[in-house]
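Here it is, the structure in full.
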Amino acid sequence: MANKSTYAYLGPVGTFTELALAQVKDAKNASKLPVSTIQEAIDAVLSKKAFRAIIPVENSIEGGVSATLDALANTKGIRIFGEYLVPVTFNLVAKPGMKLSDVKVISTHPTAYAQCRGWLQENLPKHSQIPATSTAQAALALLEKDSYLDAAIAAKSITDHYKLTVLAKNIGDNKNAQTRFIEIGLADVPTKRSGKDKTSIIVELPDDRPGGLLEMLEQFAARGVNLSRIESRPVGDQLGRYRFNIDAQGHIDDEAMAEALKGLHRFSPNIIFLGSYPRADKGKSEHRGNNSNKEFDNADSWLKQLRKGR
Amino acid sequence: MANKSTYAYLGPVGTFTELALAQVKDAKNASKLPVSTIQEAIDAVLSKKAFRAIIPVENSIEGGVSATLDALANTKGIRIFGEYLVPVTFNLVAKPGMKLSDVKVISTHPTAYAQCRGWLQENLPKHSQIPATSTAQAALALLEKDSYLDAAIAAKSITDHYKLTVLAKNIGDNKNAQTRFIEIGLADVPTKRSGKDKTSIIVELPDDRPGGLLEMLEQFAARGVNLSRIESRPVGDQLGRYRFNIDAQGHIDDEAMAEALKGLHRFSPNIIFLGSYPRADKGKSEHRGNNSNKEFDNADSWLKQLRKGR
Amino acid sequence: MANKSTYAYLGPVGTFTELALAQVKDAKNASKLPVSTIQEAIDAVLSKKAFRAIIPVENSIEGGVSATLDALANTKGIRIFGEYLVPVTFNLVAKPGMKLSDVKVISTHPTAYAQCRGWLQENLPKHSQIPATSTAQAALALLEKDSYLDAAIAAKSITDHYKLTVLAKNIGDNKNAQTRFIEIGLADVPTKRSGKDKTSIIVELPDDRPGGLLEMLEQFAARGVNLSRIESRPVGDQLGRYRFNIDAQGHIDDEAMAEALKGLHRFSPNIIFLGSYPRADKGKSEHRGNNSNKEFDNADSWLKQLRKGR
Amino acid sequence: MANKSTYAYLGPVGTFTELALAQVKDAKNASKLPVSTIQEAIDAVLSKKAFRAIIPVENSIEGGVSATLDALANTKGIRIFGEYLVPVTFNLVAKPGMKLSDVKVISTHPTAYAQCRGWLQENLPKHSQIPATSTAQAALALLEKDSYLDAAIAAKSITDHYKLTVLAKNIGDNKNAQTRFIEIGLADVPTKRSGKDKTSIIVELPDDRPGGLLEMLEQFAARGVNLSRIESRPVGDQLGRYRFNIDAQGHIDDEAMAEALKGLHRFSPNIIFLGSYPRADKGKSEHRGNNSNKEFDNADSWLKQLRKGR
């Protein structure tokens, strides 16, 4: 068993990932281990340096985080145990004394940069940009001796950690932007069914069927299971081969979901179960049609009677 | 337990049903109970006067036998245990001495009559027709005292039983016509899985879904189960409401079929299982895709491991 | 052009078909030609002895009228121009003087007989039955000299035509039973689109595709066209080959229907268009999704612009 | 009309995009305009500074190029006129004199970096990384005065342009990696149908239907149109809303494709046609089932006859 008292996250302090970690109840009193890359976070879990790790999986503007999706597809023994939503609010920060009108060189993570393009074009049309590995890293770099950076775009919580001043608040182009984070750990019994769950899987399509994707979706439809996300990623060996990262409503302990998973296991040359866990949006995970556990049980009993000749 | 030594069939001797009964191995030494109607045959089974009954279910030209289909839908506790194909070969028979050119009044079962229309129009354009309850009954009526009938259309085996002469051989318009018969009995353990099986059910569609039939078919498709017959019948309470008599390839002990049946049980407001039994045409009953029992077992094991956290 | 002043119908006077004919507005002042069989009715149209013919196509209890369905499939140049619903109300009638308690031999059409089984078992358990070619024919036979029939089951309107007495009223087992009749004629421009239409076709499935029926239904679903009836009939050449008689909501001048028909024409080895005509139940014939003519036109314009490079 | 003699591409010289541009026949004698970002390339087309632009759209390992996909979704008046495949072969290059064993700081585009991770871990486990805006930019930076970079990962063609030495050849983890580039221009008549075409569109799903994706795919399936790529991207306004970038086999002048596009236009609240153009892999673009132009024409003629009453 991994050390339950350590949670890895994409650091340093002040990142959006840290805000996600703050939502994890069981991590309240845990020690926090900042890491630099998604791969390092996964490695911390695999090596049991951390019990769990918090990593971003999807941004409402930029889409799926490829590094996370690909790592989940290629790493064995990892499961998802929870998800957390963090509103993405960017501030432009600088060392005390800097004025907005003097800002020329800005640093931030490329994803953050892309989300503030509108504001930057309007307010700092002549700036130049230096990419950083995280928004917090960019902020931290402002404080380095002889830094040639004038300002950084970072999470608004950054000023809780560093002695920086806010030049402009909430400069993201989309004020409702969110990032979704997942809590990963070593394979273990799934998080208990709550009735408000989702299940994540990765499914590769068979090569030889033109309507493969349609057939895959019918495996869900035939059991009334709704999808909340489907995202294609290249398998990586050649153009034209895809696997699909799927979030479906419901829990592996829902019979509708279990049967859909088994159907996909037969259908797909390669399926990866990533976990069943509570939905961050607290929405119910009901199945369309008559596909509750009770209705599955009734159908089971009926079939057993038939086989006995009744 | 019903008396295993009695088999009911649509009589009298000389009917096509008797030819079907002759194919039933277990009935070799049984006593045969001729009955006049499909309902009587079913009643003989329900009252245990007969262990099994042989009744027609489908004709390659005339289609489903409505009386059989509706009786199966409305009678509880009846199952199908086998099916038998009988080639439909009609002869025109008469009392010795009658000549073809003298034939004016012909009797036969309406279905048989319909299947010989072409020959009759060509060879006896001026005949008149008297319907009978069976082809054998029509033949028998020729022998009645004062019969006003000149000839009867009956199975070629009729002359094995009655002293009649053949005026014309094989007069059916379609030389490949066949009738399919089923062996019914009280609900009991289904006939053992042979790998060459079919399963018969009756499924009512939910009222409230425009694409109900499509959804029903997807329950089969999602498990790779092929249909060999689908026939609509009115539910009977109002126009526009149908139930479907379905024969699907495979046995209730095939996991693909069992799961499809359970899916239909959840989907349909009313489903009737009629039985799993060997196909008369000896064709294999394999399931498309990866839906063999072995693949179902593998998927089951996989899911159990996941639930345990492995 | 056929003689517009003559309508054929299944006679004699007093049949349910005559009641359907009474609903046909354009036939108000036409002369009526009673015929004995569905084939005669069709022949009357083909030979232009009649402009139109009224024949039964479906009964809410007994299902499709096989003779009609098969004749429509096998006769070229015939179209449907309207449909009419007739409530099926049966009376038991006899010659004046007969008492119910004395009735032993009953005659009627087999379909009518089947629909009164419950009442007969309860009230006349010991009767014997003589089949007739129509309910009116059975009634008429009561009046024949030396008739050995005691009573007939016929439409309640029969006593408008013949001097008969009613022994029991409304004896059908299902008080809501209806028969649907169609008005057929030589192929001509379809009845004008009313927004409350249906379209009838017969579609044969390709031999070589296990999911053929599912594919066929998807041709309707992809254009939002709802089916109101689907009924299988054997093609007739061998067991296991079916064609489907289909009624779908909408008119051939609805673009959704037209595109679905063209899709089925490509899909099916044999498709027969039987006609577009107003629904007897006056229900609207709208198409699911965004499939109105206006939306089809918009899509057409859009595509044309794209092809022009705009 | 834009100046046909100028093609924009992601520069500087030595990029993979330049290799794609070298495949464009019509650009043989054109002047080439290097730009730094995908947005700049698009802007060059919109402002008519360039007739066409070559930009990457998909990498066999990294997947879709989000910046391209999102720009295509959000920019009006742009179309795709061709696609080009470039094998991705990376070399590690440095200024003459540098030895592999001395390399500490490496620069390249993050995507290139990700694709060489395996080689780097094995051969230069202790290196540090500086991201660049393109592989060629990284190579160029080696030559800057006082550069603190030791080596760059770039296309093997880089040494055709700059005086650099190759420290290691073909260091990509996947030797079959490819990048697909597209040629974009202002909306114009699509590239002529060749029988080996693909069509690119972006389709947003309706909000209110759980099986929306399945329904969308059925629009293709009902006309036998095969998909070669489907990739989800967030719409960007909130989590859980996706649009799909789709490449389908066939040309807008194929009737099957045209009808599918029109079906999608009715189905989708927002559909963008990006173009029909020859497939880079030269594969045929046939449609499943009976969906050739000839079969569409036959169905059209049939329907027209029906409407005329024949």
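Lettered A, B, C and D in written order, each chain numbered from 1.
Definition applied: contacts are C-beta pairs under 8 Å (C-beta built on N, C-alpha and C of every residue); 3 or more make two chains touch, one makes a residue touch a chain.
This is a predicted model, so every value here is computed, not measured.
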item: Both-way neighbours, i.e. chains that touch chain C and touch chain B; value: none
item: Interface residue overlap between copies chain C and chain D, same or different (over half shared); value: same
item: CA centroid of chain A to CA centroid of chain D, Å; value: 26
item: Interchain centroid distance [CA atoms averaged], chain A/chain B, Å; value: 57
item: Chain B and chain D: spacing of chain centres that average the CA atoms, whole Å; value: 59
item: For chain B, residues that touch 2 or more chains besides their own; value: 218, 221
item: Chain C to chain D touching residues, read off their complex; value: 79, 187-190, 218-219, 221-223, 252-253, 258-259, 261-263, 265-267, 273, 289-291, 295-296, 298-300, 302-303, 306-310
item: Interface residues, chain D side, partner chain A - complex; value: 58-63, 66-67, 85, 110, 114, 131, 174, 176, 178, 180, 210-211, 213-214, 217-218, 221, 226-234, 236-240, 242, 288
